[in-house]
Amino acid sequence: MARRLEEGATRTRPKLPGRQDWSSWPNYDAAAEGFRGYWYPVTWSSHVTGKPKAFTICGEKITLIRDNGTAYALHDRCPHRGVPLSLGNQQFPGTVSCPYHGWTFDLTNGKLCAVITDGPDSPIRGKVGVPTYAVAERLGMVWVYVPLAGEAAPPIDEQLPEELVDNAFVMGGRIDPRAGNWRFACENGFDEGHAKYLHRTSLWRLFKPMPVWNITRVVPEGRWIYRVQDEVHWEADFPGVGHWTGKRWWKLRPPKGTFNVGNTGTPKKVDPVIEKQGFPGFASLSMPGVLRIVYPKFIHYEFYVPVDADNHRYVGVMVNFLKGVATARFYAKYLGAIRWLFHGQFSGQDAWMVDVTDAPPEKLYRPDVSLTSWRNLAESTTRQKLAALKGEPS
Amino acid sequence: MARRLEEGATRTRPKLPGRQDWSSWPNYDAAAEGFRGYWYPVTWSSHVTGKPKAFTICGEKITLIRDNGTAYALHDRCPHRGVPLSLGNQQFPGTVSCPYHGWTFDLTNGKLCAVITDGPDSPIRGKVGVPTYAVAERLGMVWVYVPLAGEAAPPIDEQLPEELVDNAFVMGGRIDPRAGNWRFACENGFDEGHAKYLHRTSLWRLFKPMPVWNITRVVPEGRWIYRVQDEVHWEADFPGVGHWTGKRWWKLRPPKGTFNVGNTGTPKKVDPVIEKQGFPGFASLSMPGVLRIVYPKFIHYEFYVPVDADNHRYVGVMVNFLKGVATARFYAKYLGAIRWLFHGQFSGQDAWMVDVTDAPPEKLYRPDVSLTSWRNLAESTTRQKLAALKGEPS
Amino acid sequence: MARRLEEGATRTRPKLPGRQDWSSWPNYDAAAEGFRGYWYPVTWSSHVTGKPKAFTICGEKITLIRDNGTAYALHDRCPHRGVPLSLGNQQFPGTVSCPYHGWTFDLTNGKLCAVITDGPDSPIRGKVGVPTYAVAERLGMVWVYVPLAGEAAPPIDEQLPEELVDNAFVMGGRIDPRAGNWRFACENGFDEGHAKYLHRTSLWRLFKPMPVWNITRVVPEGRWIYRVQDEVHWEADFPGVGHWTGKRWWKLRPPKGTFNVGNTGTPKKVDPVIEKQGFPGFASLSMPGVLRIVYPKFIHYEFYVPVDADNHRYVGVMVNFLKGVATARFYAKYLGAIRWLFHGQFSGQDAWMVDVTDAPPEKLYRPDVSLTSWRNLAESTTRQKLAALKGEPS
């Protein structure tokens, strides 16, 4: 008979191998709609125009609109009768008007600055408004700060991966709406366990074998945690079950030794910008769900943006620290192969698993140190943030 | 950060401009599925035939069937095992039979008058039945009375707009299922604020400008409330924001002065039947959601029929008090233009807003005196009705 | 006004004809997802292959997979992160592997026997597992035992209709997913009342009339209950309503007298295997929802398999106790006519009613002795089962 965990029953049950629930991570458990108090990428900058558009981030309805070159974000609900402002348009410079009765809001502060259908002396003018959000543009995208408790937004550069702040680079990427909770997407991204098995059939790995299993540590450094591989095994004999390997006659020979830049062996030549960073491992993760996979010549980032409890937005970006003519080669390669093989089919296998993952209950195993380290990072960071908020004079 | 009203939190918050919730109108607030104790138009008379059809009014499932020229309404649920009677058919004159086991109900009183599969001596015959509803036919439609507490139906003519009871007229109309609560549809209909702005782009108004804003009073008279315009403004300068007008070079000049028959100026000639009514304003509303828009030569009515909390039926009727050959001209005009422009595209803009309105919370503004007057009318009428019911011996 | 039964209000209301609710059958009332502690047919044996497939029985997710000729059933949820095992495949003989991280389970006992991505010395190996289910193959189908409280499965032959255990036979059938609760399907199958009326228009009955009404008893014998017809009426005059008959000029004359093998009259010749059973009536029912309709030359069975509270699986089987060359004739007849007319169109009318039945509340009538007898059987059988379970040392 199927055993199901009753809510709250976990503590009194005999201990089973692996952790059963998320009670050690109460803040993480509560973050089904995402962690507030962070910058999130929302859409490509080129998609934000004078016509307002609707987005949902951390369960919050937001409209983005561009005026005179600057992007603005407002809460997407007219305070009059609840109609989405994203259905309206611009009637005056620097404003957006609700489609229903023409309530007109100042884009810079959300204040009701004119009420078309009640005339210039409308008594409610200036007395109400809609919440606004801090906006920034980075990596060709519009980012919005979703506050935790009404606080001002910190500079976005404090949250971006450090190497993206001061170096020149070229990039390609995709933004996809995806089914499933953002935490499953994020855990999938940093997960030590699955890639070698799930992606064994991906075209991206057609000529390169995957290991069978690794011994992995997780190493914190600054606001990042890194997966560091101590052992890499290319074959395995499972007693009483059989032999298993990812090697095939048509694939390249696996590299010798372990490696922590790229996942295919110690590279001959590493890009100088990347080398300078001295990353302790090729896969790293930081709050609020930013994955960095370092290859010898480029870095791949994934941002897992919470939409609501059942949906997230996958933002995948490939960055190359090139200048001048070399950038053209990158774009050709990205559009011709990377975008399709990696950002498409390979990560489509991940999207599939993220959609069907269903936990807790769960039973964790040795490689899941990657997951528990991430949850611990999320938990302690949030605990500190909340404590700091309480300590501030209100 | 987005502020959300917590339930019950309204009273203790500092007062913001505009009313925040519907607590001043408890009966109105509770009437999500409609006010019971009224006649409602359900469908065109020609659609009610010997084959039973299914409808929902005020959340109640009803089947309509015609027998020997008369329309009948029964609760659409066989008391045996709950199968809808509207899936059955007529096996004997004056009856409807359930499709499953042939339980047969008398159309005049809903009594189980024969049980085909249990023979003439079936012990349950005559002992059970289905509720029936009073039915009337007016304006080419079948109307059903949805009782409040089992009371007998009052004459429908007491509820119909007075001018439709004793005058000859021709009419055209449409009945459309629409998304959204019936109250938003009704409030939209009588709403002073939106028409000038929302409908500025409608083809119906292609050559006639709309005002920018008005000063409006609401005047009660009998069971109706009327919007009366004291000021009409065709241009406006919004300080620090800009100029706005509905005038265009290709549109007619706006009329001088205010007007309260039709919304396009003081007419040269008014239809004698309409003139005789002496309506104080061109837009009026009565329970349980009947809108009357008076033009010089015709009257447009809208009935907002509650289906359930999320759906209503829009019944729009255009009436012309003509006789003889003049009626042919009306039908040609209605079918050629009015039906498409007014009952179609113009009111499609309303349907769109009704579907996306989301209140409370809400913040009302000066023109919303039309909404609060309507809610007050609904509230006090219902309070009196309920008091009268309690006063009766039970 | 529509009267609705309030929950719990039944006992204090004045008694109305017919039973109102299912409070006399508490176990039956609780069995919305089916009775556990029985064997259920799931799918055709030929559909169970080396590629795992997903099924739901009694609300429980189950995956079926065949290995080396034997079918296995496992709970369809990987204990690691909740991914369905039916999305995985076989990496080693006698096992199934989860698609996400390659956790590998022994098909015979559900134990985690290898963890591909954690190597041969994975500490969690052998420590966790998935529940398994007893499996049998009968009538060309895979059957699964859904336990009540972790008990071992009894032999399936104790539950199969007795005549199918030791006799040779040929068969044809269909398995269809259907909307509606399994109890409505089961009650519909044994229901004395509806067939004569609902199926009057079915092609299967094109040339044979149906009675109007019967007087029926229900007779228990062993674990079966039988409908026994004492009177069969071919015409009826309903006082004040009209005359009704199923006879038509193009149909055969109805038979004389009553009959209890087949429903079309006393047959000239009955198959010897069928004759030997001495069935007291042509329609019989046993737990957990097995219907048997006995015709002179064949028996038709229906198994109503609970999927969840709103869906069931209809399994219809036509059996002929033939041997040798005569079997070919049966298959030709089944595929040419029976499958389409009977298992298709005729039972499609039943599927329609099962989908729209909505009870309780309900008001039962005389022929519903068939339903109440069935519910009493289900109720008392379950009461005994539960008592026996409690009496066992735990």
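Read from first to last, the chains carry the letters A, B and C; within each, the first residue is number 1.
Here is the rule we go by: a contact is a pair of C-beta atoms (placed from the backbone, for glycine too) under 8 Å apart; a residue touches a chain by one contact, two chains touch by 3 or more.
Since the structure is predicted, the reported quantities are computational estimates derived from the model, not experimental observations.
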Chains contacting each of subunit A and subunit B, listed by label: C
Copy pair subunit B, subunit C: interface residue numbering same or different (half cut): different
Subunit B and subunit C: spacing of chain centres that average the CA atoms, whole Å: 49
Residues of subunit C touching at least two other chains: none
Residues on subunit C engaged by subunit A in the complex (per definition of touch): 60-61, 75, 77, 79-84, 87, 91-93, 95, 99-104, 113-120, 122-124, 127-128, 131, 147, 149-150
Contacting residues of subunit A [partner subunit C, same complex]: 1-3, 16-18, 191, 193-194, 196-198, 212-213, 233, 236-242, 244, 353, 356-359, 361-367
